[in-house]
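Got a structure for you, written out below as structure tokens; questions coming shortly.
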Amino acid sequence: MVGGYGGMDILNGVDITVDTQEIVVIIGANGAGKSTAMKALFGLVALRGGNVRFDGADVTGLAPNHLVARGMGYVPQERNVFRNLTVRENLEMGAFLKPAATARVMAQVFDLFPVLAEKAKQPAGELSGGQRQMVAVGRALMAEPRLLMLDEPTAGLSPLVMEQIFERIVAVNRAGIGILLVEQNARQALAIAHRGYVLATGRNRFAGTAAALLGNPDIGQSFLGG
Amino acid sequence: MAEFINLYLIPGIAIGCIYALGAVGISLVFAILRFAHFAHGDVMTLGAYIAYSLVAAFGWSVYAALPFALLGGAIACVAIDRTVYRPFRRAPGIIVVIASFGVMLVLRSAIQLGWGVDVLAYETGIRRPLPLFGDIRMAQKHIIIIAVSIAIAAALHWFLSSSRMGKAMRAMSDDADLARVSGIDTERVVRWTWLIGGGLAAAAGIFAGINTKLHPGIGWDLLLPLFAAAILGGIGRPYGAIVGGLSIGIAQEVATYPWIGGDPLVPPAYKNAVAFFVMVAMLVWRPTGLFKGRVL
Amino acid sequence: MDITLYGLMMYGLALLTMMAIYGVLCLALNLQWGFAGLFNAGIAGFFAVGAYATAILTAPESPNHLGGYGWPPLLALPVAMALAGIIAWPVGRICLGLKGDYLAMATIGIAEIIRLVFKNESWLANGTMGISTVPRPFESLGQPWGNLAFLALVLAIVIALYFSAERAWVSPWGRAMRAIRDNETAAAAIGKDVVRFRLEAFVLGAMVMGLGGGLSAMYFKFIGATATEPLLTTFLVWVMLIIGGSGNNKGALLGAALVWLIWSGTELFTNRLPAEWITRSSYIRTLLIGVLLIVVLQRFAKGVLPERPPKRID
């Protein structure tokens, strides 16, 4: 993929593949193009070259509601809940395209995040950071995606809450949903991931299994904080 | 006291209902499409004239014509959005505002061409106000305006709080980008926004015509009070717009009561200035409105 | 209408005079919108202040309104400008913190309050009837020389304004203004006093709008509520600037000329319509202008003469 905003290329050649059943993490320094790469996959950044394929079909440039209909889910990093809607309404919005499945899938989401069931009637804007992250993930799950893309789901959370979120992500993956994760907390993310990509200046720098990346001393020094 | 209620408060509530109906549409359009719809007043005028045509052609009562005119206003807004505003979805908001100036000119001149510029009325003759209790009297038109407005507000409340599309409208007014990535079909939400905004505007226009007389400038005269009401209530807050509309309607009328001495506190000719003043003051000192809407 | 050579000449004079007066208003709006990005939808208010001030200062004494000061017209114009500026200053101080649509709503509200005052304070300007005895400079020369001389005066003003605006556009002041318009934060970060620059553009623009109002009152020898309708004084000017090309002084003048030609030229055509349609002809014009605005916005969003990008420094 090659692309960026307003004529400035941030991505200069990024190649990412995710198989179903996998957790894949993208790491890299600030400004390496991690979030941009994810947005490009979801059609939010215009590509000048390359394409996005999902399930064998070319989905480059499709509008987000079509991508969601095909089974891709995306949770942005910031402002990822409807603050004035209740938790339940937030989840309903995730199932906008499949209203008939709402009750069934919502029960599954409540199983995964029991705290959301407790707070179902509260406006999402009143929740704590970790709970809001759960609402955001839950909303994306409501569309029953086969690939879930999470942009720094643990940004700004305490280590304890981060732990919880990662644990839930693993649970989602066990239910058969592929996960693509952009993370600052690289070491912890690699610990739950199957594979990883390291981006630098908008290009693939390293790619490999999570264990290989964790074991690579170069990566350890530059990207995992020693 | 009875004089105050009969001649100031009740008419103020009726005008407030008219403002509320128009302001809800402005507030929703502002929050979901992110622009101040300057042609909204002229949509109100259009609705009022559609109703007039039905009254004149079939001899209906204006209240029977109301649902049809509502539909007419709604469809007109969707059509205008398709032909005029849609190409500007990704353009800077100010371009759309200027386009809405164009729509304003087109709508108003089309109305002047189609229906002429004479002052019209839905019905002739004078009805005596109905005694309610004690010295309190209420004109029949005021009773109907207030009752129908309450019914419409209740329907709107149900729609926004319980229907899927209503929730999606609230979601999109909360955060349009997030709505898009959540898989909400935002173009459908936009369509519903215009349907509702246009329908409510038509109702407001008809009520304005019932309350006074019908003329091609009726909507334009109401536009600024509507903006005032939408801002007072907080952009993207439909309930706020209702409260804002009522407050401004009542404030305008009550301000002309002779509170001090025998003269009106604010000369009736300056009634509208009350609304403009409230609007400018809110914009400057509290642009989020009373109910913490957004500043776009 | 009189289709003699003389009649055509008088028509041409009227056409050019109105184009020039609208040219003044367009240059004023370009100063606010093109230079500084200020969405002023209250042109009518400053136009009214200038027009009424000119009328009151120059019109003969009348029991119906304030007046009888007998000022020479050319002395009244600067005062009218100053008054428009004095009104604009507090308005700008209060409102210029508002962005985009919000500024438009606030300024339109203030303009309507100003119009309401002139409409209702009959001791001031004869209420809705207005003042219809405003003297026009050079009218003692009779037709057509008086009209020609007045046109020359308005044209001279337009030319002077145009060259000042062009100078201002490339001056450090104009560059700072555009920098603020395009990126307020960055401009503030390099030490530009954003609030002051904006206020300057707003007040200057409002003064020129007042000048346009004064010229218009003189030309029509009349000022009243109908002459300050936002349709003619606010929205038509916006249509002109957008069609001509905002951010380009030539575009502003071209827009004024082009739109007024359409506005007024359609009159020649509609006057030939059956009698019952003549009364409606002005609505056809408004309709056309509205459609034109929308089409231009959709097809050439930057107008006929777009803003020139700054020269590259190689």
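Details
Letters A, B and C mark the chains in the order given here, with residues in each chain numbered from 1 onward.
One rule holds for everything that comes next: a residue touches a chain if its C-beta (ideal position, glycine included) is under 8 Å from a C-beta of that chain, and two chains touch if they have at least 3 such contacts.
Quick caveat, the model's predicted, so the values are computed rather than measured.
By C-beta contact pairs, the most connected chain pair is B-C.
Chain B has its Cα centroid nearest to the centroid of all protein Cα atoms in the structure.
Note on chain placement: the centre of subunit B and the centre of subunit C lie 30 Å apart, centres being C-alpha means.
Centres computed as Cα averages put subunit A at a distance of 54 Å from subunit C. Rounded to whole angstrom units, the spacing between the C-alpha centres of subunit A and subunit B is 42.
Note for the complex: subunit A touches subunit B at residues 42, 44, 63-65, 67-69, 74, 76, 79-85, 89-90, 92-94, 96-97, 99, 139-140, 143.
Against subunit B, in their complex, subunit C makes its touches with residues 39, 94-95, 97-98, 100-102, 104-106, 108-110, 112-113, 116, 119-120, 231, 235, 238-239, 242, 280, 283-287, 289-291, 293-294, 297-298, 301. Within the complex formed with subunit A, the residues of subunit B that make contact are 164, 167-168, 170-171, 174-175, 177-186. Per the touch definition, subunit B reaches subunit C in the complex via residues 30, 35-36, 38, 84, 87-88, 91, 93-95, 97-99, 101-106, 108-110, 112-113, 116, 224, 227-228, 231, 267, 269-270, 272-273, 276-277, 279-280, 283-284, 287, 295-296.
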